[in-house]
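Below, each structure is written out as structure tokens.
Okay, so chain A shows up in both of these, paired with chain B first and chain C after.
== the complex of A and B ==
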């Protein structure tokens, strides 16, 4: 590559990153505005943390709900997804491509449609059995597992297909039980794929609006939906402060995961197909 | 390993190693398959059925199956406009995401600097943050007194602040911000599979840069690029949040129409009808795209065979 071309490319890259990161920087700056104004002021007027102290407690509750549902979805999708991928790749099924396509299907369903589907499903279920899933943790969790399962199945299948079965054969022939073979040989090898899938399961669940929107209510809501309604109907600058805190939380989570699992996981997370 | 090998013979009660490890995987699929059928096919069936009842207002529905909802929706000019608008905006976002994402992915994949891991981490961080917060940040940036307009007015490029929000431009920017990090990560994984040595070989042989791109990079990346574009298109077709917040209700894409029908008008059958049509359109487009990709792959494999 010629030097001029490389600099041209680098300029494009810098511009793209500026676009990607600017919203977060701007949010953080305006959240520190000290003015009395009840609207967004950018650049901030004076510096103050008053909007941080004014974050209503209800947001903290919906934040906790979002984290809990994200973690639960990642765990549930992780368990179901790893088992499913093992079944698909190693089972004696003929139409493996069809099975994979079936598990990928939720990715093709527009999210807003999934939301409507679950809303109606829960209505019918309530009418038939009296089980109330609308505005419940379980109801939200089921819907979120549904939209996040494809990510785990996809990444784990990809890793398993490249897996060298001779590693397991060696362990098993030397006397390890099947469970030990799985725990000590298979699992460590597929772990990056599992973590990548679970990370995406968490991301998809944690940030979701179009599905949750139909399933939450005043008694139980998630942070993105809470923020969405605040922006639509009763904006106040403490939302900027809260958003900044969530951005900081997200960055710290990513850094922590990176420290724990290595860079590889993050790259793989994007390469889900 | 031979069945008669001492290591195997030493383990009484064990059959051949391969056979011992081969069985029993089938049943592992069942929990997820069961859950998916229960959470996927059953609700979908109920939902399609719901679109076949007539709405009676105030959330009540008729008790006879009818196709009248589909007739009404398909002749509704707002719905048809919204359908075209959603598809057009999604297509536009997919094209822009490809055009911006490919150079970025290429740069990261071929870079050997220590910035590389930072660049990837930033993409992941950006995809991690919920679209609501992204939209809020974009509203601050694109607003009438936001930094973009201040710079434009300050530099004398425009006389009055431009309207960058509550219109299609705002929605496209929002959708792009929502889908781009994922697109870049997918494209990165695509470009990474192509060895740099292929390009170097062509350059050493005297191929100009443009030819290296059109004859080597593009054909090898095309399936992955199109798959990524399809992903962005799918995400945009169902995206509600950025369209609602950055369109300010003035860009009536289908997800917004559906949400209004269900939450504001409590008209479940009509909401379901619109959702069914959106679903059918997206699935049909995906099937078509996968079929075309398959044909393209066979075609290029055939061409390689003749070389």
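== the complex of A and C ==
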């Protein structure tokens, strides 16, 4: 490659990174602004952490709800998604594509529409049975599993299609039952796909506003919805500070999970020496 | 008792027949190879025995017990696959110990046995590694150790050397043979490689189109192939077509398509005028340059065909000679060492003894 083309390529790469990182840079720097102004000031006027210290403690509660919902929907979507993917990839029937499309459907419905549908559904359910799902953890969880399931199904289908089924035959021939084989052979081999899907599920759930918006209330709300309302009715720069913390938290979580997922590989590679 | 008996086993894949009415006995402790071209049903047969497939008809017995309806877990088999199929997330030790662990063997027992197996396959140092850190040959030896670690009654191998390069394959053949002998385990081996089958097997079963054609020792298959397919598949051979002139007695006279008359050891009485296929192995041919001395006629009863030496292929310890007899008949002769007196494009004479000739009647189904 000529030097000229190399520089050209580097410029494109830098531009792409700049495009991806710009919003975060604006957010993080604005949150560190030292002024008194109750609006977004970029570039920041002097640096200070005052807005970080001014974050209301009330956000902690909605943050906890978001994490809990995110983790719960990742687990639930993981469980359902693996089962669904096994059925789609391993099942013996025609029209597999139809089934795949069915599990992809939540992605194709605008999130706002899904939110309204869940709201309406919970109303009707309450009217019919007295079961109250609105403004409840379960209600929120169901909706979040609905929107995050396609991500797990997608990634797990991808790894299952590449999975060598003779690994299972080898396990059977060695005396392992079907369940043991799944637990000791199939699952560990497809685990990266399952984890990746669950990570998506968590991120989708954790950041969701349009669906949650319809299902939360004063007694139970998620962090993104909380932030949304604050920005609309009660803006102050401590929201920027909080948002920055959330971004940092997400990045750290992802790094940590990747580290954990890849851990056994690292340990064994080290044991070789 | 751990022989295997297949009784009239049939397996179809939809319309396609995998194997048809297959009857086969594998003796205890025997190394039997299923040999045939791809699509002949050899892998299907192995998978039926393993229990990964179930036959529509027929029975499969292992050690006298009917296992036709049993899942693979209960058949007491060890399976070795072509591309190893080691569990990628488990160490070599964990791979080898897998079967023992599934059978509830105590921890110490597993550790002892795994070490024993690693010694057996001559890889005592690699127990802690992951499969992806091993070479192909090492992986296949680990796969073998995994299959035999829990001392199954039956060892099944599906082209286990197919993914290895030639040199390694030859070394592994020797290893495989040694290990199988050491364990004395009944072994069924699948390959399409005739040389591999010959070097490893006590007996070979040749399959074609889902049917068993012939079972026998390598020597039997080579010396007395039941039909042209077996003769062609097992080693190199020259085919000639002709009609019977005189079919009474131990040696028949056959008139070849090109008019030559030859004498052939007859398997039984032959009807004069019957179409036959005769064959002779390349190493049974003797070749003389131009005007031979002594004349082949002088050697009593020797068949002879004259032709032109078309090509010489020198292979070190032997030489292949391609001799053009007629427009559409070329004989291959294999002679020892170098034959400097033979030159391409010059006339030569090929001769062979009647008892080195094979004969089948055309349209003979068997």
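Please note the rule applied: the second predicted complex is superposed on the first by the 255 of 273 C-alpha atoms of A that agree within 3 Å, B and C clash if a C-alpha of one lies under 4 Å from a C-alpha of the other, contacts with A are read in each partner's own complex, and residues count from 1 in each chain.
By our rule, a residue touches a chain if its C-beta (ideal position, glycine included) is under 8 Å from a C-beta of that chain, and two chains touch if they have at least 3 such contacts.
The structure displayed is predicted, hence computed values, not measured ones.
With both structures placed on the common chain, the touch criterion links A:32 to neither chain B nor chain C. Looking at the shared chain after the overlay, A:185 reaches chain C, while chain B stays out of its contact range. Residue contacts after overlaying the shared chain place A:106 against chain B, while chain C stays out of touching range.
Of the two partner chains, chain B is the only one that A:86 touches; chain C does not reach it.
Touched residues of chain A, counted separately for chain B and chain C, are more numerous for B. Once the two complexes are laid over each other on the shared chain, residue contacts for A:209 go to chain B alone; chain C is not touched.
In the superposition on chain A, contact is made by A:228 with chain B only, not with chain C. Of the two partner chains placed by the overlay, chain B and chain C both lie in contact with A:175. With the contact threshold set out at the top, residues 169, 172-175, 268-269, 271-272 of chain A are in contact with chain B in one structure and with chain C in the other. Put simply, chain B touches chain A in their complex at residues 1, 5, 7-8, 10-11, 17-18, 20-22, 24-33, 35-36, 39-40, 42-44, 46-47, 50, 100, 103-104, 106-108, 110, 117, 119-141, 143, 145-147, 177, 180-182, 184-186, 188-189, 192, 209, 227, 231, 234-235, 237-241, 244-245, 254-255, 258-259, 262-263, 268, 271-272, 275, 278-279, 282-283, 286.
Interface of chain A with chain B (complex): residues 1-2, 5, 9-10, 12-13, 16-17, 19-24, 26-27, 30, 40, 42-43, 80-81, 83-84, 86-88, 90-93, 99, 102-103, 105-114, 116-121, 123-124, 142-143, 145-146, 149, 153, 165, 168-169, 172-175, 178, 181, 203, 206-210, 213-214, 223-224, 227-228, 231-232, 239-240, 243, 246-247, 250-251, 253-255, 258, 263, 266-273. Residue ranges of chain C in contact with chain A, taken from their complex: 50-52, 71-73, 75, 77-79, 81, 85, 87-89, 91, 98-99, 102-103, 128-130, 133, 146-147, 150, 156.
Remark: chain A residues 164, 166-167, 169-177, 180, 184-185, 188-189, 191, 264, 268-269, 271-272 touch chain C in the complex.
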